[in-house]
Every structure is written in structure tokens, then in C-alpha cells.
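Next come two complexes built around chain A: one with chain B, the other with chain C.
And then the complex of A and B:
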């Protein structure tokens, strides 16, 4: 069988399994509903940042961001952060270190594909938790509401999907470091710190000092959060370019992920299958 | 169908002295040691065989099993299972084998086993009608009809293991790797699992490769033994042949406590009298017992397998290696 036919068969089999993976993933979310609500709320830091920047802009705009702009920015950040949330780094780290990966490796569906489906299955659940928070925010500041143009909405949606994939892939890469390192979660904390500052989580990227902002443009952090937020809000002059950069990062991360997985499995077992 | 040639697995284990000083030293001076978990092991297994892997803790039997199922990559040597290199994890191979680990679970913890079964149906791309037939058959054989709709976390260990077996067999694998499938189960449940495995072997013609600490599992299920010790294969052959070579005696038993038999070499053991004698002396001893106690309730037993193996690993009958074939 040729490599192309094998890859086609692999993809077809995974696509056929996807509806069941999503359904069972959603059933797991519902079974863990209390934990999930807490987990979702831990990713609500944009609300804190909104309060801080709202106070900072009380006397006038900060670098062009007034109170309404900050409110809109951090509301969009909250939504994108929820839609792109993943937990594969913790899951994979645990599975590799304890050997819990073994049962999944014995099935003919890629263990990471299963995790990706579970992560995607959590999105509707996250939206349900998010809905009352958004309603409260709108009640507080009706000027948060905005209507993106059809192009903005379309590109924004694509950008959110790419940010979801990139966030998940980056976490998977850090999770896979557990094949080699004992402290892969520590390294992910470093990534998260950089992401919070350079990715638009703590503050809009436009507020970063000039040289830092220029350097950050070459790094992947914005592609996981700030890019979709800015594309949705119409803050980018070059939204198509921004989405293409995201796509590039996704392809790079996918390649890294695939290479690490192949090499990691050779190491697997040295850390307790 | 399974062919293993010169299989080796070596782990590199970090060494660290105890205490803070040891931790600090290991920061810049990391020392390691190579552990040869499996060393130059070769054997072949034919379709439909039931083979038991025996050996003390850390002997390398589970490591070998994990290499056969593709979880671990060998350091050296070749493995072929159903014509595939297991470490390649080809879907064709994964759909024809299964590994049940007594200490690892595939059941989704917070969902009923039925959800795991359904997930496996999708993952193995099973035809729905065929899946339902197999599921009905396994549910019936394992008697788990009342369990499969309760969350897995609410099941007892034994109930969970039966559901694990069901999940592992839904795709009707041709090769069953069983790693300590009865560990932690009560005696009744152990017997039930054994009965089931023997049944699957007969019904599906599936090859069974089993590791267990419980000699009863091996004695009941596997006519062929592979004995592995410190990573090396020490014996490959019929279980009975090993038993008669290592323990060529029989245990003559008489029900009840009969002090008069002590003169014939019997001793009391759990409410009965037991004498261990060479096979050639069994008939003579039986006559002597009947002469002394005409109504004696007599029995003749083989030496239990766990005692045979204990002698083997102690080297009572010479170096364990002498029995290798």
C-alpha cells in the first residue's frame, strides 16, 4: 500500500470515529461538570485585567484605548481564551509519567486525536458557562457590543479556529517533553508567562513598548490570542496577513508535534509504561 | 505468528546519592546506570497457543509483553507479531491484538462501561451489527449485563476487570496479551476470569500470552511456559515437563488427622496428612497407608506449581539455566 493510500485510510478512519469521539468527550465534560465550571472560571483573568485597565483609563485613554475599548478588548479576549482553552499539556504529562498513555496507544486511533476531539467537545460547554458572564458584562457596559463586518466575522472565525489549533499544539508539544524531562510543566509555566505578556492576555499588544512589540510580532504568542481578538474587533490593518502568519505557526507546530511524537514513543517506557 | 529473535531492552537509569548534597551533586554530575531488563530473548508462538510468562518481580516478563504489543521499542533484536513490527503500531496490527493490564485501565472512569465500548466501536471502526453481536456475546459470557450502565468508578475491582476484558475483546483480536489480569481479585473472580480466557481461546482460536503472579492462572490456562529471570529466557517448553523435572515427586494425602501415619513420613497440613515421595514410591506408600488405616480417604497430587517455581528460582535442582531448551 502506498504512503498516500495509507494516509488517506488513516484520515478516513479518524473522520469516521470523530462523531463518537466528540459525543463521548461531551459526555465526559458533563460528568465532570462541577470541576469544569471551576476550571473554566480559572481562565477568566481577562475580567480582572478589564477591571484594572478600566481604572487606569478613568482619566483618559491609554495609548488610544479608552474605557470602552478596554472593555471590548478584554471581553473579546475572555471569549477567545475560552474557545481556545486546552488541557492536553497536563493530561499528556500525566499519561507519559504514569504510563496511562499505554491503553490509548493500543487503539488504532491516535491518542492525540482523541484528546483534540475531547477539547473541541468542551467548547459548547464553555459557551454555556460563558453566556451569563457575557450577559452581566453587557448589562454593565452596553457599549461592549459590536457588530463585526462579514469579512471580519469570517476571518475572525478562521483566526479563532487557528488559535484553537495552535494553543492545543503548543500544549501538546510541552506535554510531550515529559518523554524526556521531569519538569515539562515548569517549562510550560514559562511559556504561559511570556504568552500572558506578549500574547495580549494581560494588556493589548499595542500597549507594549515599541521594541518589545516588534520582537513579539515574530513570536507565536499573539497567534494564540491577540490575533483573533484584534481581527474580530477590526483592530488589524492587515487581517489576512495576520491569519496567514497564524497558519504558518500551526503548520510549524504540527510538524514539531509529529516529530516529537515519533521520537517520544521510542523513549516511552523509560518513564514507566 | 509471533517470532522473537535476540530481543533486548536496556533502560538507562539515573543514579543519585540521597540527601540535599546528593541532589546538588546530581545537578552537574549526572550519573546513570544501564539496566538490562530483557537480554537476548528468542522464542516463537503459534496461532491458538496459550503461553504463560513466569518469573520473579523485575524479571523482564512485562517488559517483553509490552514490546510484543508495541508499547515499548526494543533496544536490539527483532519482533514480529502477525507479520508486523509491533513498535510501528500499524492499524492493521492494533486491530488484531489486545493487551489487558491488571494495573492499568482503559474504561472511562466517570462514564458507564457502555460508553467505553461505544468509543472502542468507533476507534476500531467496527460494523455496528457485528459489534452488537460481539457485545451481547461478551456481556453474556462475563455476566456483566447489570454493570455496563453504571459509572465505572462505582464498580468493584473485579467488576471493572470483567468490563476491561469486554472492552479489550470487542474487536475480536487474534492475539491476547494479558498482564496480571487477576491481580487484586478475590479467588472466585480469579476463577471466573480464567474460565473466560480459556473460553475465548477456544471460541475465537485466539492466541493467549499471559503473565501472572498467581500460579493458579498459569496452571489452569497455559500448557506452555516461558520462564524468564533477570532478563534472560531460562525455560521454554511444556509446563508439565518442567514440573516433572524440577519436582519429580507426588504428594500423597489422607483426609483427617491420623497420627499413626506419622511413622510413614506423613505430616499434618490444614486438617489432612501429607507425604511427599518420589513418583516411583507412590504405589508402595498407598498400600502401606491402606494396611495401616483401611478406611483412609486417599489422594495423590502433583507438586503445586508455585512450589515448583520456588524450587526452580532457588536453584534447588541445579542452575535454573540447565532447564532451558
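And then the complex of A and C:
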């Protein structure tokens, strides 16, 4: 069998398995619903940040952001952060350390593909939990509501999907570091800190001091959060360019991910698991 | 565990001191057993502390005063927040997390059988020394802020210390209340993450929040008692009503936590029986 045919067979098998994987993922979400709700609610930092910026803008707009703009920005941040949430870095760390990965490797489905399907299956659940929070925010400040133009909506959706993939890939990459380091959650925390400041989580990127903002434009952090938020809200002059940059980061991360998996598995086997 | 002199042999205050000393020794030995992860924890803690201060600096780049607080006044609140976060991470979280695990696995039996107060031991059996970093960072930020403010009076400093202690007692009370739910609903590990997320809101001056959110932060999860109130005492803006409020809330929560802990222990049937 040629390599091409083998890859084709691999892809076809995974495509066939996808609906089942999604169903299983959703079922496990429902089984652990209470835990899921709590996890979702812990990502409340955008609201804490909103309170600060809201007070800062009480006497007038801050660099073009009024109170309504801040409310809209951090609401969108809260939603996009939820939709792009993953937990593969914790999962891989646990599975590599305890050896729980071994039985998974025997299955015909790639362990990471299964995790990706579970992560995707959690999205509708996250939306349900978010709904009451969004309703409260809307009651507090009705001018949050906005209707994106069809182009904004379409590009925004694409941007959210790319951000979802990139966030998951980054977590997978950090998770796979566990093949070499035993424990990579600390390193991931460092990534998260940079993401919070440079990726638009703590504040709109436009409000970063000049040199920091320029440096941030060359880093992958915005592509996981700020880009979809800004495209959805129509804050970008160049939405198509922004989405293409995201695509570039996804391709890069996918390549890194594939390479690391191949080499990491060799390491994993060598440990004698 | 090494043989420690039996605390039950002594009476009165000497007994309590020897219990505390024994607990401290064992807790430190537990923490030192994982050195590599200790180093990573310290590093991550350093970055995280910077992450707490950074948004504040960005906000004051654009605004001279937020909710009536200047940068250095707000930094004082953040300093108290870092101290709180450090103490919670150092003492509260590891211990009460262990209680939840003990209820689930039944290992709480060993704790309840000891001839000392179970709540005392359950609250002090472990420490996570790496989290002490936050306390240190809090002291540094506090010194920095105070250097730019008129020096506080000694009455103000004393009042700040008193309010800080009352606030810490209140937070401890809330934490015990949350943990006690694990005696009825076994899987509540996540609830403590939710509590941590709620405490996050205490990093800004309480004036930033309005309406029921402020009520929440001063009564239900009274993090403002630990962060904003002592800062107000240092700045000389605390009123008698502030002090009374802090004492009532702290006393009420401590009392409720003691009652609930007793009730929960009566309800505890051990997982093994």
C-alpha cells in the first residue's frame, strides 16, 4: 500500500468516526454537567477586567473605547474564550504521566482526534451555560447588543473556528512537552500569562503601549482570541488579512503538533510505559 | 510520618502550640518532597504576580483616577490582594482541598480520630510554600505604593492590620462553608476553583463595582474586606461603619463555618463503612 493510500484510508476512517466521536463527547459532557458548569464559570476574568475598564471610562471614552464599547468587547471576549476553550494540555499531562495513554494508542482512532472531537462537542454546552450570564450583562447594559453585518458574521465565524483550532493545537503542543518533561503545566501557565496580556484577554490590544502592541502583532497570541473578537465587532480595518494570519498560525501549529507527536511517541515507548 | 511527641500529653496553651509546631513541620516536609515542581511553581507565581499588577498600570496609562482611586492607592489594594492570594494558596487551598479528597476516599477517618480539634488539623495539615511568593510580591507592591503616598498614621496601620485579619477570617469562613458541602455532595473539588475565581474580583478597589456585585464582594464572598478595607484604613478613609461591617461579617461567617463544620462531621459516615 502506498503512503498516499494509507494516509487516505486514515483520513476516511477518522471522518467516518467523527459523528460517533462527537456523540460520545457530548454524552460525557452531559454526564459531568455539574463539573462542566463550574469550569465554565471559573473563566470569569473578562468580567473582572470589564469592571475596571468600565470605571476607567466613567468620565469619558478611553482611546475611543466608551463604557458601551468596553462592555461589548469584554462580553465578546468572554464568549470567544469559552468557545475556544480546551483542556487537552491537562489531559495529555495526566495521560503521559500515568500511562493512561497506552490503551488509547491501541485504538484505531488517534487519541488526539478523539480529544479534539470531545472539545468540539462541548461547544453547544458552553453556549447554554453562557446564556444566563449574557442575559444578565444585557440587562445591566442593553447597548451591548449589536448585529454584525453578514460579512462580519461570516468572517467572524471563520475566525472563531480558526481560533478554536489554534488554541487546541497550542494546548496539545504544550501537553506533548510532557513526553520530554514529565510535567508541562507550569510552562503552559507562562504561555497563558502572555496570552492574557498580549492576546486581548486583559485589555483590548489597541490599548497596549505602542512598542508592546507592535511586538504583539508578530506573536500568535492575538490569533487565539483578539482577532475573532475584533473581526466580530468590526474593529478591524483588515479582517481578511487578520483571518489569513490566523490560518498561517494554524498551519504552523499543525506541523509542529504532527512532528512532536511522532517524536514524542518514540520517547514515550522508550520510557517503557 | 516521623514520631512527634504526642500533643495529647500536654494541657492548655502549651498543647496548642506544640500541635501547631508539629503540623507546620509535617506540612513543610510534604511540600519539599516535590522539588522540581516547587521550582516551576515559584517561577509561575512570579509571572502571575506581574500579571495581576500589569492591567492596573495599563489602565492608569489612560486614566488619572478610577472610581476615585489614584494609581498608587489602587496598587495598595492590589498589594493586599496578592497577600490574600498568597495566603489562600499557601494555607487554605491545599488543606481544604485535602478535606474534600478525605471525604471522598474515607481517609478523613484518621483525622477525626486524632485527639485534637479536627477543624484545626484539617485547616493546617498542609502548606504549599511556593505560593508564599505572592505574599512577598504583595509586600513589594505595597511598599512601592506606600512610597508614593503620604505615610499612614500608626492608628491607620493598626486598623489596617486588624481589618486584614478580620477579612482573612471571613474568607476562611466562606472557604470552610464551601468545603463542608462536600460532606453532602461528594464531588465539589471544582467549587474551590469557583471560589478562587470569585476572589479574583477583589484585586480592584471595591468602588469599581456597583449594586449587587458590590454587596456580593462585601458580604457573601467578602474579599473586599481583605483588600479594599485595609487599604482604606492606611489611606485614612475608613469610617467607623466600615470597621463595624467588617467585624459583623467576619464574626458571622466564622460562627456559621464552625456550626456547619460540626454539623457536617456529625453527618460524616466515612466512605469505608
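The rule is simple: the second predicted complex is superposed on the first by the 268 of 273 C-alpha atoms of A that agree within 3 Å, B and C clash if a C-alpha of one lies under 4 Å from a C-alpha of the other, contacts with A are read in each partner's own complex, and residues count from 1 in each chain.
Just so we're on the same page, contacts are C-beta pairs under 8 Å (C-beta built on N, C-alpha and C of every residue); 3 or more make two chains touch, one makes a residue touch a chain.
These numbers were taken from a predicted model, which means no experiment stands behind them.
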item: Fit or clash - chain C, chain B, common chain A; value: fit
item: First, second, both or neither for A:143, with chain B first and chain C second; value: neither
item: Touched partner set for A:214, first chain B, second chain C, both or neither; value: neither
item: Partner chain(s) touched by A:238 [first = chain B, second = chain C, both, neither]; value: neither
item: Contacts of A:193 with chain B and chain C, given as first, second, both or neither; value: second
item: Partner chain in contact with A:31 - chain B first, chain C second, else both or neither; value: first
item: Contacts of A:55 with chain B and chain C, given as first, second, both or neither; value: second
item: Chain B versus chain C - smallest C-alpha distance in the overlay, whole Å; value: 7
item: Shared chain A surface residues [contacts with chain B and with chain C]; value: none
item: Of chain C, residues touching chain A in the complex; value: 36-37, 40-41, 43-44, 47-48, 50-51, 54-56, 58-59, 61-63, 66-67, 187, 190-191, 193-194, 196-198, 200-201, 203-204, 207-209, 213
item: Residue numbers on chain B that touch chain A, as the complex places them; value: 11-12, 63, 66, 69-73, 87, 89, 91, 94-95, 97-99, 101, 104-106, 108, 110-111, 115, 118-125, 151
item: Footprint of chain B on chain A - complex, ascending; value: 9-10, 13, 16-17, 19-21, 24, 27-28, 31-32, 99-100, 102-109, 114, 265-266, 268-270, 273
item: Chain C-touching residues of chain A, taken from the complex the two chains share; value: 34-35, 38-39, 41-45, 47-49, 51-59, 62-63, 183, 186-187, 189-190, 193, 196-197, 202-203, 207-209
